[in-house]
Structure formats: structure tokens, C-alpha cells
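Below you'll find the structures, each written out as C-alpha cells.
Heads up, the next two complexes both have subunit A, just with different partners, subunit B and then subunit C.
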Partner chain A sequence: MVDEEERLLQIANVGRIMKQILPARAKVSKEAKQTMQECATEFISFVTGEASDKCRKENRKTVNGDDICWALGALGFDDYADAIVRYLHKYRELERDKATLNKASCSRTSRDKDEEEEHSSEEKSDHQPHQQTQAPTPSART
Partner chain B sequence: MAEDEAVDPILPEFPTARVKKIMKLDKDINKVNSEALLLISCSTNLFLQFLAEKSAEVATANKKKTVKLDHLRTAVKRHRPASDFLLDSLPIPAESTQSAARSVTDRDRSRPVSNKPAPAGTRRIDHFFRKPENEAPIS
Partner chain C sequence: MRQAGTYSGILSGGISGKTGPHLLPLARIKKIMKKSGEDVKMISGESPIVFSKACELFIKELTQRSWMVTMQGKRRTLNKEDVASAVMATDLFDFLVNLVSESGEATTPLEMDTSNYS
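Showing the complex of A and B:
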């Protein structure tokens, strides 16, 4: 059914992560690297499973970013939760910028129209109210 | 400033496709959105970094240059959340399987049966599994 290799992260990735962390002269046994692959899979399954259970209890079908954040905290990985939340905000910011860039490059003719659309899309994409950055309201519009 | 470069600046080298496959191994998981995929990739990356760091510390403490499975195991044991879900999944180390094999061969001769002579009037249980030599045939 599922290829044994497909249930593990590629060993090259694991090796790279270890190399980044370990001192330059340190070596890692093949067995340890292979075990790290297993650890990664276990971690992914563990956290995703927990997040998925929460979704099911709340009658939701799709696991989202907030569910993952919650699961990390619930399972004792609070240290990661802070870093992860920062990643999430950065990701959302990038997505918003991408959307803005796309819109700007698409229609250059009617700029007024663009500004109105940007303003409304910003309101839509900001899910978290505390994060919402209000675009400066155009002062004099005719 | 190509947009291609900005595709995944957060985790440029993490195999998100593989992560998604691993998440989907669990049949109970329905759908996962892109944010969730990103966060799982990030946190797995952090977790592996943590394991690498702690394993290296154990290796160094034992004055070894090569990080081995035992060092990883010790690192996992010392971290409560990790040990809860990970300890049972770690393979049995080669050294202890060897010693287990040795002790099994030692025990082979007198397996679970003790060497004490059976009390009078009784038979040792392993007699039942031996071909009867001197016993009268059952009629």
C-alpha cells in the first residue's frame, strides 16, 4: 500500500537539519539519522491527530493553522507555539502582500478602482481583528 | 525581484509534499489547509533541531564524536512531552539486542523450567514433550 519510504521524511532533509545544529566535526550514525526520520513522522502524526480530534469534536472538517497551534500547546510543546504563531503571522502577511501585488500588476488602468478593491480585500483577509491594519481612508474623494 | 523566490521564504527546504503525505496516513484526517501544513512543517523542523541539539549534548557528555541512537534515546527520555509519544517507537538498540540474544542462548538449555528435581510421584512438564522411552504404552 504505502511505500515504507513515503511515510518518512527524506533522510537528506534530516541530515541537513542535524548538520546545521551539530558542531562542524560531529558525525551522526546512520541508525540515529534513520531514527530521526521516524521521530519526525511520529511527531507529525501525533500533533496532526490531536488537532484533527479537536476539529471533529467541533464538527469541522478542515484542520487549520490555529488547530495546530492549539495542539502544540496541548501536547506540551509550548516553546514551539510562540515561534509557530510568529511564522503564521508572517505567512499571512506574505499571502496578503502577494494578493496585493497580483492585483496591482493585473489592472493598472483604473487606480481608484484598485484602491477600493485593496481596501475591501484587506478587510476580508484579516481574520484576527487585533492584527487588522486599517488602510488610510482616502481623504478627498469625488 | 522574482516572485518565485518569495514562494516559500519561511521554510525553503522543507518537503511539504512529503509532510502532507505523512499527515494523510491517518485515515481519520479529512482535510488540512495550507496554514496547517506550513505550521506542521515548521514545528517538525523545530522538533528535529531540538532532538539534534539534545542528542549532541548527550554524545559530548559521553565524550563521543558520533551521535548514536543511544544518545538520541537519552535525549528523548529527558524531555517529557517527547518521551510520552516517542519512547516506545524508538528501535531497540543493537547492543542490547545482542546481549539479549546472549542471555537467551544461555537460558536455552534450561528454559523456563527450573533445574530442581521434580517431587516424587510427579513428572516434569517437559517430560510430556519428550518421546517416552521407558514408559509403558497407553492401552
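Showing the complex of A and C:
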């Protein structure tokens, strides 16, 4: 199954999320999913634009999670902003724990360490290229 | 080889242990973010993850509102006009008005088709 265009979020994923909130007997037309695909994609662009404006004004190059939270609030998505702040906090805590564990594993054999770091960096997110993202040390960024 | 242990549930797949797996592929989110503007140069690693959650919330809200329109029409199939109606009825979704009126036009479909044949 190929996506319409790579500019949109995948329809299968969008459909899955829709199903989660709908009653079991509900049906969704394909066109409705497509519309939702476009709306969700536009949502990302819209919020990113606002977040990136803020970064530009503050002479920062990297859009981070806090900027997105701020943008959500600025654009009226207050409920999302609250939920995301908590989510981000939890994510950063877990990343810190992971970094601590990785550090501890350095004292083990180097082979074990290489495998684990490779594994954990893959598992951190589904496809996360490391080209432009910074090293996972959240404490260093702020 | 991963070692099973206290943290394996939390560490595998990001924060899936406690907050659920990511429902949206992060690479695609990142692509969309980069395309959103000239200014967007660098994106922190956590940003697509944050958006994965935000989009989930957004999709759920818009879907719920759309479904209410479907129910008002005593139907069981959520269609694109229901989504368009939900957008129109919600101030928060003003940024989508043009998007849904382009694709979800209620007027004669024939008008749209003829443009393809010109």
C-alpha cells in the first residue's frame, strides 16, 4: 500500500487513531480518512510554523519540544499543550535514565556497549535519522 | 543483545512502556515539519515524538466532533462532509477552513470534474 504522496501522514496510521476514539460499530469512509490525513498534516505545518517563528526571533536554530508546547498554547490548543508538557517531561526523564544506564554499561565490555547503544538508538524512535538531531543529552541543551 | 530487566519495558520503543507506542511514524512527521517553512532548519530529536502525541490528540478531537455530526444525521458512516462540518463549527480549527472547503465541497461534483477535462 503506497501513500498518496509522501507529504502527508500515512493514512493507515491516521485511520487507526480515528478508530480508537470511535464506537466499534462506526464506519469511516475512505474520503473522510483522506481529509483527516490532510488536516493532521496541516496541523503539523501550522504549529511548526509558529514554533519556528519563535526560534527565529530568539536567534535559535533548533525547534525543540518546548517550542512546540509553546506554539500549541499560542494557537489556542491549550488542552493539548498541557498534555504535551507532561508527556515531554516524562520523555525527558526516561531519556535521562537511558543515558545513565548507557553510561553504566560503558564499564562493561565494549562489545556489549556497542550493541546496546546501537539497539537503544534504533528503538528510541521508529525511524529517527541522526543526521541533524543532537546527541541525546537533554540536560546539555537547556 | 538487550538485557531484559526493570527498564526494558520503558526503554524499548521510546517511552512505550508508560505512555503507549508512537502511533505515527516519526520520519514522516519530521519531513512534514521541514517542509513547513524555509526557516525550519534543525529539529530536536524530541520534536517528532511530541508531535506524534499532539497529532493523536488532534485527530481524536476532530474525529469525535465529526462523529457527532454523523450521529445527528442518524448515519453510521463518518464521511468527509462530517469532517468539514466539524471544522466549520470549531473556532480552533479555523486554519483548516480552506482545506476542507477545497476537498469537501458540497456543491456540484461535476464542476470539479470538468476542470480535469479542460
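Things to note:
Everything below uses one rule, namely that the second predicted complex is superposed on the first by the 103 of 142 C-alpha atoms of A that agree within 3 Å, B and C clash if a C-alpha of one lies under 4 Å from a C-alpha of the other, contacts with A are read in each partner's own complex, and residues count from 1 in each chain.
Please note the rule applied: a residue touches a chain if its C-beta (ideal position, glycine included) is under 8 Å from a C-beta of that chain, and two chains touch if they have at least 3 such contacts.
Note that the structure is predicted; figures quoted are calculated from it, not measured.
Set against each other, subunit B and subunit C touch different numbers of residues in subunit A, with C touching more. Contact with both subunit B and subunit C is seen for A:Gln20 once the two complexes are overlaid on the shared chain.
Applying the stated contact rule after C-alpha superposition, one finds that A:Leu88 touches each of subunit B and subunit C. Contacts of A:Tyr80 after superposition: both subunit B and subunit C are touched. Common to the subunit B and subunit C contact sets on subunit A are residues 6-10, 13-14, 16-18, 20-22, 25-29, 31-32, 35-36, 38-49, 52, 55-56, 61-65, 67-69, 72, 75-77, 80, 83-84, 87-88, 90-92, 94, 98, 101. Listing the residues of subunit A that touch subunit B in their complex gives 2, 6-10, 13-14, 16-18, 20-23, 25-29, 31-32, 35-36, 38-49, 51-52, 55-56, 61-65, 67-69, 72, 75-77, 80, 83-84, 87-88, 90-92, 94, 98, 101. Taken together, the subunit C residues at the contact with subunit A in this complex read 1-3, 7, 10-15, 18-19, 22-33, 35-37, 39-51, 53-60, 62-64, 66-67, 70, 76-80, 82-84, 87, 91-93, 95-96, 99-100, 103-104.
By the touch rule above, subunit B contacts subunit A in their complex via residues 3, 6, 9-10, 13-15, 18-19, 21-23, 25-26, 28-33, 35-36, 38-40, 42-49, 51-53, 55-56, 59, 65-69, 71-72, 76, 80-81, 84-86, 89-91, 94. Subunit A makes touch with subunit C in their complex at residues 6-10, 13-14, 16-18, 20-22, 25-29, 31-32, 34-36, 38-49, 52-53, 55-56, 61-65, 67-69, 72, 75-77, 79-80, 83-84, 87-88, 90-92, 94-95, 97-98, 101, 112, 115-116, 119-120, 123-129, 132-134, 136, 138, 141.
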